[in-house]
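Listed below are the structures to be examined.
There are two complexes below, and they share chain A, which is joined by chain B in the first and by chain C in the second.
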Partner chain A sequence: MDNIAGRKSHLTWAVNISVILMVLIWLIPTIGLLVSSFRDREQISETGWWLAPLPVEMTFRVRTSPEGAAQQNGLWVLEGNVFATPDMEEQLGDDDAELTRFGTRGVNPTEFAAGETAELRGGGTLTVNSDGSWRAESEEEFGPRGPTIYFAAEVPPQFTLTNYETVLTADGMDRAFINTLTVTVPATIIPILIAAFAAYALAWMEFPGRGLLIAAVVGLLVVPLQLALVPLLSLHTSVGIGQSFLGIWLAHTGFGLPLAIYLLRNYMVGLPRDIIESAKVDGATDFQVFTRIVLPLSFPALASFAIFQFLWTWNDLLVAKVFLPSDADSQVMTVKIADDLLGSRGGDWGILATAAFVSIAVPLLVFFTMQRYLVRGLLAGSVK
Partner chain B sequence: MGEVNFNNVVKRFDDGTVAVSDLNFSIEEGEFLVLVGPSGCGKSTSLRMVAGLEAITGGEITIDGEVVNGLTPRERDIAMVFQTYALYPHMTVEQNMGFPLRMARVDPEEKKRRVRSATNILGMENLLGRYPRELSGGQRQRVAMGRAIVRSPRVFLMDEPLSNLDAKLRVQMRGEIARLQRELGTTTLYVTHDQVEAMTLGDRVAVMHDGVLQQLAPPARLYQAPETVFVAGFIGSPPMNLCRATIMDEGGALVAKFGSFALPIDPGSIEKYPNVREHVGRDVVLGTRPECFFIASGDLPENKLVKAKVDFVEMLGAEALIYLPTDAEQIDGSTRFGVKAKTGANGGTEPEQLTLVARIAPKTVPSHGEMVNIAYEEDSLHFFDIDTGRALR
Partner chain C sequence: MSPVLQGAATILIGVFGCIGYFYASNIILDRVLFPARGPKAGRNINRANQVRPWLFLFPAIFALGLYLVYPVVGSFYRSLFDRAGDDFIGLGNYIDLINEPTFRTAVFNNFLWILVVPAGSTFFGLAAAQLTDRLRWGNIAKSLIFMPMAISFVGASLIWKFVYANNADIGLINAAREALFGAEPLDVLQIPFWNNFFLMFILIWIQTGFAMVILSAALRGIPEETIEAAIIDGANPFQVFFRIKVPQIMGTIVVVWTTITILVLKVFDIVYTMTGGNFGTQILPSYMMGYMFRDNGRATAVAFVIMVIVLPVMVWNIVQARREQR
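Let's turn to the complex of A and B:
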């Protein structure tokens, strides 16, 4: 019964497992960003995001005050709880932390285990228990400052929306969002319009030099855009566009066109020749063939290029930096995040992760609304 | 309305291959002309040149006396049905059929009326709102026909419109196309590789081979009086037996000797091929139709019989084919006389020996290995020149 077409490979499970593995590997950075965006800043710097659900061991320092010291059996005794200070209460909120180790010197803050008794430098002893309560004893009266207690505590995981609050309410973020849209939408539509016409001509119209033109377009695919930034900007300046939205639209259009033409042309050339010839015999001009037949049938290709172009103009930082003025009025989101949020808060992973997720939202929306066009078989039933 | 003329039409592709050489014929007004030939014979190219989808390298094509060489398809007022139907997948049946009218800027009311009347003719009123992907093969074919007839063009062009259908549907649609063409009376050029379609549909049939028109005649004449060896071998199923034979004069009666076999040439056949007389003592191509053989019933003179041993038998029910190996040299009409064959006509390969095919009544079927006496009907021998492949008329 095992004919060739119907035979199932015995290694299907291996294929499935490796696909799942690959998907997971690809997803890991995104998951990491998502988790990090909800974590507390201090906790991010202590443990990786994959340990987020576990308690974090963090070290703290508490200065005590000698007030309230009492004499008992000839010894001066000072008591308190490290978790009861205002600072710590703010840190922990309602959660219970567990003290694991403590120390008396900053160079070795986890010298002793909880419950042990340590020698104080100024004489006397210090005992800190795991619930945070401590007791210092000394034969002499404590000085103007009480002993400084260093300790490590298991702090329960803390999740917070603070990062989102910071990013979303940052000054001028709404303006930056509008600016990004202002850049992205025309920078997606203009190249598609131009490329669709070019692709039709290159695919279905006979004219001398067509092959060379196609080769040139493919050649342009390999030109890195970084190479063109400076000459292009000086050109823009000399024709009076300078740094402006018009300038960045043209720049994105130019950088996007080779791929757009290439992609659309290859799609259009694959449309059944009979359909196009039939339209011509039915009396359509080239322009009518393009608008009535080729364009509607090329919708999947148009949609997929639109998604690409939208995504990388949305996420673009470099071109925006070069072709837009740097004042706050024309900052796009990527520039805003990189300059204002991260520039002044170097290494703030929580903000970075959150910004990434905020800026992903719109592209995701675009992707999910357009993706059905990518899979729909538009040509079904046309020929045969 | 709708007379098409081919005047010395030549088609040469960019790589130098000649698809059509010096084509001359005309399609009368209202005529159904079928172009038939094996694949690659230039029949589709000829059709596409009429449609304007293929440039004409030399000569000219006229429609109603107007030279159309330089015109685009839309300026020629023709309609074409493609092998793949080429329906527009994003349009409904109604939009598909209305497309030519929309391109011609026909008034919407008028357009609607004409689409309705076309759908009535084709009997598919209930399909108007469907998309091509929701239709069966036969229905799609019908929509393609409908799209051609809505605009009442000067000429219908059909490029193997039935070859994507299954056998049963093909027969049905064949009848429908014939009926439709008769009713509309529109000049039609129909391309096919199927000789049954060609014979049943065409008022006249043009047989092409290697870009050369072999014969243009009504179907019956094509069968009875083939002009060339190629036509003889192409029309008819199973095809005509073709072999090298020598014309001998045996006491006033002409005899065709092929290998160790011989058939007397009856006066009726000589009347049809008078040139045979000039070829006494020379080699010719002898053509015999399988269906003209019959099992000899005993009262025939010895010299009219062919004795041969049966190699195998194919029983088809209404008839039986018997295969009789001979030692005569077989002639292949499609390779020997074509343009392509000229360079190496007799180059190298051993000539194949003819296996004579005879189609006989199923009542007296001999068995494998049996010796049979078969005879041949009068008036039905065919003779062709061994060098040019043309009929000896």
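Let's turn to the complex of A and C:
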């Protein structure tokens, strides 16, 4: 097939460029989330994440105090540095900022360029230099408050872990993370066991109604989850499980089974007949054939279903919303983000980005390390 | 007991319970019920082998029956009762639904989703599969396009909030609009009708990788001779693709298409997190969540409508599976 495009270099170029474009569209939004999660929250609202490595021009306001005013040559003089206030020091850390413009009124905080002299409203003048130092002069004594200085400064880009600290400590994502893990692990392991036995029976045992059962499994693959919510929740409530972790484990087990049986059966049916039959001739029972031969040989299929089920339960919002109580003690991360953070932290982009990234980090890790099995499972499940 | 310990205990109980069940039931079958000894040994072995499949299948059939078959019946039954669940009102819930404008919007939007998302995902997936096929860095490209598969719908929605945000300093779309046209920021999720497509694109973004992986395998499975013959006959790359390759993988394309169609009918997360169903973006799954916990009669009625929409796909799937088995 190489010779088709190989001869036509312009076509190869077109192919390369379109793939690059597509990869960019597919990748950029996620990168944006990742970059935003490390940015200072003030900077997020000032410039887009794509400008993150560049200095950010931000406007500030500093109230000065008239203390320390001294009389020089008949003028009252007040001096200071706008960057030396506790607030600004906290914002800037060890970085140097450069003041570009300043102003004396909130309506026009960037009226004057650095180094210019501005008239103060209460009388007198104010000069602010680019290093932040300022000097106010007045013929009369300063009032109870010194002049308020508005200024814009080029602040160097700041990357912090503050968002992660906030999300993981103050916002309860740590608890939600553990809850998600608690839901996911049993909900992944238990269906595999049940499905493996069923798949073996459907693949290698002869009994009446086998074809019908396989068809039923295929049919159940597509039953919308929504149907199950109301009847099962009332069933759980009536047998005393109610909304609980046990309930959600059972629910995920039930909902994951059709795919598990389908995938595993498709795989097991393709195992070589000779091995299984010779084992049976040698006197192995079905149970032995299953545990000693079929199960070890089916490892790739088991792994790919495990990845599917893991991703599905980790990422699930619907089942968690219905089968788990909605209090903070049992919220999983998806519910936490969708119901809690989006409401209360709706405008706090740094926190949202961080929470989202915390919730997708584990699936991404699983994805990139186990991609091979995932692809194999997809292929076994869809094309024969 | 903390949920973590509880989880660990459940794993142990679940795993050993399952293994214990299968092991013990086999032993009982072979040693107690139908021992392979004595005068009836031969008949007993046969009988045991007739029963054994059902031992293997029992937990699965039980769970499937309880968690997937019973709900279909149970939901329909429940949907015939009123909100409190005491009074039988026949099709009252369905009639109320049809008279409600939001429901009609949701059905309309749902059909839009069913049309657009599978088509878009399959199209992009096929394009990606074909284009990356011969590239040296094709596998990396595939891996990156496939990546959104691992991301939750909630996470994906947040990711795209950073693209759609109504603020030129956060949203990429508004930043581009400002940079190119100097336009004022606008909330793309509030543009009537078209906002649906912005939401759909999120799901297309997630599902393209799935389509790509499967179609890419199908493309590789095409016999080389057919392509070589076409090239010798003077077909250009486009003709080779559309006339030779696509027809040969049509079956796989249909499978991908239906799989994504089914998925579309399950996904409520995107609409729920992005717009909450406002601004005319309601779809049935998220519309149903609005009634969940408030009016179970209505909620089950909506769920059953979804089931009715899925039904043709389900029948088709079963027919296909039966045909493959023969």
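As a working rule, the second predicted complex is superposed on the first by the 209 of 384 C-alpha atoms of A that agree within 3 Å, B and C clash if a C-alpha of one lies under 4 Å from a C-alpha of the other, contacts with A are read in each partner's own complex, and residues count from 1 in each chain.
Criterion: a residue touches a chain if its C-beta (ideal position, glycine included) is under 8 Å from a C-beta of that chain, and two chains touch if they have at least 3 such contacts.
None of these values were measured; they are calculated from a predicted model.
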TODO: Identify the partner contact of A:Leu54: answer first if only chain B is touched, second if only chain C is, both if each is, neither if none is.
DONE: neither
Task: In the superposition, chain B vs chain C on chain A residues touched - done: C
- [ ] Please indicate which partner A:Gln371 is in contact with in the superposed arrangement: first for chain B, second for chain C, both, or neither.
- [x] second
- [ ] Report for A:Ile360: first if it touches chain B alone, second if chain C alone, otherwise both or neither.
- [x] second
Task: Touching partner for A:Thr285 - first (chain B), second (chain C), both, neither - done: both
Open item on the list: I'd like to know which partner A:Ala84 touches here: chain B for first, chain C for second, both or neither.
Closed with: neither
Open item on the list: With both complexes overlaid on chain A, does A:Leu21 touch chain B (first), chain C (second), both or neither?
Closed with: neither
- [ ] Answer with first, second, both or neither: which of chain B and chain C does A:Leu161 touch in the superposed model?
- [x] neither
Task: Contacts of A:Ala113 with chain B and chain C, given as first, second, both or neither - done: neither
TODO: Using the superposition described at the top, list the residues of chain A that contact chain B and also contact chain C.
DONE: 285, 378-379, 382-384
TODO: Within their complex, state which residues of chain A touch chain B.
DONE: 272, 274-275, 277-285, 288, 292-293, 296-297, 378-384
Task: chain B residues touching chain A - in the complex, by the definition given at the top - done: 51-53, 72-74, 78-80, 82-90, 99-100, 103-104, 131-135, 137, 140, 147, 151, 157, 164
- [ ] Show which residues of chain A lie in contact with chain C when the two form their complex.
- [x] 1-5, 8, 11, 15-16, 18-19, 22-23, 26-30, 32-33, 36, 44-50, 178-179, 181-183, 185-186, 189-190, 193-195, 197-198, 200-202, 205-207, 210-211, 213-232, 234-235, 245-246, 249-251, 253-255, 257-258, 261, 285-287, 290, 311, 314-318, 321-322, 330, 334, 337-338, 342, 349, 352-353, 355-356, 359-360, 363-364, 366-368, 371, 374-375, 378-379, 382-384
Task: chain A-touching residues of chain C, taken from the complex the two chains share - done: 3-4, 6-7, 10-11, 14-15, 18-19, 22-23, 26, 30, 49-50, 52-54, 56-57, 59-61, 63-64, 66-72, 74-75, 78, 124, 127-128, 131-135, 138, 141, 143-155, 158-163, 165, 167-170, 172, 175, 205, 208, 210, 213-214, 217-218, 224, 227, 231, 237, 240, 252, 255-256, 259, 262, 265-266, 268-269, 272-273, 285, 288-289, 292, 296, 299-300, 302-304, 306-307, 310, 313-314, 317-318, 321-322, 324-325
